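Before we start, here is the structure in question, set down as structure tokens.
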Amino acid sequence: MISKVVRSISEALSDIGDGSKIMIGGFGLAGQPGELIDGLIEQGASHLTVINNNAGNGTTGLAALLRNGQVDKIVCSFPRQADSQVFDELYRAGKIELELVPQGNLAERIRAGGAGIGAFYTPTGFGTKLAEGKETRTINGREYVLEYPMVADFALISAFKADRLGNLLYRKTARNFGPIMASAATTTIVQVDDVVALGALDPESVVTPGIFVDRVVAVGSRFDREEWAGVR
Amino acid sequence: MISKVVRSISEALSDIGDGSKIMIGGFGLAGQPGELIDGLIEQGASHLTVINNNAGNGTTGLAALLRNGQVDKIVCSFPRQADSQVFDELYRAGKIELELVPQGNLAERIRAGGAGIGAFYTPTGFGTKLAEGKETRTINGREYVLEYPMVADFALISAFKADRLGNLLYRKTARNFGPIMASAATTTIVQVDDVVALGALDPESVVTPGIFVDRVVAVGSRFDREEWAGVR
Amino acid sequence: MFAERLTRNEVAARVAQDIPDGAYVNLGIGLPTLVSNFLPADREVILHTENGMLGMGPEARPDQLDPDLINAGKIPVTATLGASYFHHGDSFAMMRGGHLDVCVLGALQVSQFGDLANWSTGEPGAIPAVGGAMDLAIGAKNVYVMMDLSTKQGQSKLVDECSYPLTGMRCVSRIYTDVAVFGLSAAGATVTQLFGDATVDALRDLTGLALIDGTSA
Amino acid sequence: MFAERLTRNEVAARVAQDIPDGAYVNLGIGLPTLVSNFLPADREVILHTENGMLGMGPEARPDQLDPDLINAGKIPVTATLGASYFHHGDSFAMMRGGHLDVCVLGALQVSQFGDLANWSTGEPGAIPAVGGAMDLAIGAKNVYVMMDLSTKQGQSKLVDECSYPLTGMRCVSRIYTDVAVFGLSAAGATVTQLFGDATVDALRDLTGLALIDGTSA
């Protein structure tokens, strides 16, 4: 019987080695897999390349991973924010490398990585600094930049519910990068609130089919947490 | 107040002109928009280019549209079937043009049309007759064919339920080409069993957001039809 | 230069007038989000937020806060009836594919031909961040900019050629400012409406551009 | 040529032995779908059908017929617990992206280096139809072919070079036939298992290929 459910965060993350390329889900804090990131800090893998939309907020989660010196390079669309002080300091000190990618090209490159597309022409970024040095082409009178797919060794994502096959539901805008990152990593590790019985998820509503998921770990209901007091 | 609901098939199809390029949903009979196709036969637009996975089954639906002489060209992946006699005869008589596209390239080209991608490199078909004359490229040691997006003037698709904003749910494998075709046509026309109240569709489960839909017409429950007797 | 200028809320209200009933609209982050406060009650406009939602409602009140429901500016929002959620790949496909009717963005500079600069001042040492700006710039059917016409130092932000790094080329079709509304095209900038004491000649002086007078059109 | 050959069901059963527990598998259309009847009860295998489903169950009994639930061969099927539905864009992305562990296909010819021909005989006047064959050929981690080794006319379908139009290049890694199992690689074909009265030498005679003998491995 297939079961992708693992018992602990540490078991889920045990084989992440130094130098791994890791996609981490989330847009700001929504959908950020906080428990998996905390586990990665404890686990200690270093010289990581991280792909995320942002470069950490405040001092917890991704920001704490950065502050712990485990990340050599970050690939993202929006590093600088009001509360990105951890990244800002590392970047100004030359301690972290940044690859800046327009958000939609980041999403489409990850999608292409999961979908077996070799490269694609996108209109986004044409004529800007972020397309400098990239191949371009005019197609039907419109100008495009050639972008290549993005894949990773691991994806760490957060979802709402899973079954033992790894089928996933998300919640509201916390869905964001989860489904595409799950498809683009060799090993996809998911934290969920609950693992539900097989058959409890409506086949019409499954967002990420289990084929894209390798490990699932339950971390308890988000509604039990302090900052969620009052949410239905 | 937005309402994409139109009262009749004939109203939904009134502006389809001769020479239109039309995507028609469905894989075989599953998801084929039978009532819209019947309406198109009645409406009479001719010299059409049709994009569908197949080239008609039996003598109804798409096959009847072909038999009625309204289609100059069909773009599909799998025309020849046990019951594709209408197409077969027209094709052998030189009365219809065929563009044969591998099924996944067909799907990805439609998806690219809706997603604003200028072109993409696909491994499918490389080294085969269906890639003859097409640009190729080796990327990371793998060989790819360059394929271009596909768009249409109209998409005719079948879904299960809609609300007045055009948000759609499908049913089982009848989903097939509906969501991508809806995104790739200038005007998307959908037949549904029922139009439900706004708020009756779970925002987490909407498959085609209403932004991709222009007109919705209710044709009654599929479960009331003869061939569906006994289905839940 | 001009004594009588519209407030930001007044500019937002002016933009809102031009958003048609039934439009699918993205209001970027920051200033343009004000536009949602002025949409006429008799129009139904569907708001898109690029982090994965159609049917975004007003900002969440304290008792409505849900950490899973935020907009592109990471501000907690609400959902309207008929909303839908989708992932980033689908959300940006929707934008890039030209499905949004209108996008309203802020700007550092806009060229008279519609080039947009709104993501970076290009200062050495500044940490760059682009987010979805480049996708929004090229994606919507109509890209409108909402900005003060001048910087605090009195320099025109409508320029012949952008000196700041570009977000997108030839993408802005209209600019709503505190002193005038401009239409942009390959022919250059046309003044389509004046506010307060602004005149086309005074705008020509400020911008240094041969503005076309379209105010009587 | 060979007196003792496996039946199609026996070949299907042999293929089924090599499908590991937990595998995601596509069984094409026609002959290879027999494999699903022989999957060992102690293994859980998830079947994919390219028209948009994971977790495909057995063919529908008359009382289970649902016109909305069919497989790639347009045959009514059932769904297992834990199934999911998705659209064609996502389904073929799943295939092309290399997420299926095994795909089993029929063939007209396979070259000793793994080229596959299974969609067209190339006869003039024949109506071509390819469906998802080319996507399946290049998409799965392991592409297996299940076929009789010889045509009815006694010609080997394992060949030096395909004379029929190709479906995919260098994509098949294993062939299960009625007389032997072959592994294919850039080095050519290796006989890994013999059935009935087949011998490696007899297979060399039939195919005209310098087959590697891997039966003692």
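Letters A, B, C and D name the chains as they come in the text, with residue numbers starting at 1 for each one.
The rule is simple: a residue touches a chain if its C-beta (ideal position, glycine included) is under 8 Å from a C-beta of that chain, and two chains touch if they have at least 3 such contacts.
Since this is a predicted model, take the numbers as computed values, not measurements.
Chemist: Of the chain pairs B-D and A-D, which one is connected by the greater count of C-beta contacts?
Modeler: Of B-D and A-D, it is B-D that has more C-beta pairs in contact.
Chemist: Please identify which chain has its centre, taken as the mean of its CA atoms, farthest from the centre of chain C.
Modeler: It is D whose centre lies farthest from that of chain C.
Chemist: Starting from the mean Cα coordinates of chain A and chain B, work out the distance between those two points in Å.
Modeler: 33
Chemist: Using mean CA coordinates as chain centres, what's the gap between chain B and chain D in Å?
Modeler: 29
Chemist: Taking the mean of the C-alpha atoms as each chain's centre, how many Å separate chain C from chain D?
Modeler: Inter-chain centre distance comes to 55 Å.
Chemist: Distance between chain A and chain D based on Cα centroids, please, to the nearest Å.
Modeler: 35
Chemist: Multi-chain contacts only, two chains or more: what residues does chain C have there?
Modeler: Chain C, residues with two or more chain partners: 79, 85-86, 93, 95-96, 139.
Chemist: Indicate the residues of chain A shared as contacts by at least two other chains.
Modeler: Counting only residues that touch two or more other chains, chain A contributes 108, 111, 115-117, 122-123, 170-172, 203-204, 207.
Chemist: Report the topology of the inter-chain touch graph, choosing from line, ring, star, complete and other.
Modeler: other
Chemist: Check the chains against each other and report every pair that touches.
Modeler: Touch list across chains, by label: A-B, A-C, A-D, B-C, B-D.
Chemist: Inside the complex, what are the residues of chain B that reach chain D?
Modeler: Listed in rising order, the residues of chain B that touch chain D are 27-31, 53, 77-81, 84, 87-88, 91-92, 98, 100-108, 110-111, 122-130, 143, 170-180, 207, 222, 227-228, 230-231.
Chemist: In their shared complex, at which residues does chain C touch chain B?
Modeler: Residues 21-22, 24, 44, 46, 48, 54-55, 79, 81-86, 93-100, 139 of chain C touch chain B in their complex.
Chemist: Which residues of chain C touch chain A in the complex?
Modeler: Where chain C meets chain A, its residues are 49-53, 63, 65-71, 74, 79, 85-89, 91-93, 95-96, 120, 125, 127-135, 138-139, 165-169.
Chemist: Which residues of chain A touch chain B once you look at their complex with the stated criterion?
Modeler: Chain A reaches chain B through residues 108, 112, 115-123, 137, 139-140, 142, 144, 148, 169-172, 202-205, 207.
Chemist: Once bound in the complex, which stretches of chain A touch chain D?
Modeler: 1-2, 111, 113-117, 163-165, 167, 183, 198-199, 201, 203-204, 206, 209-212
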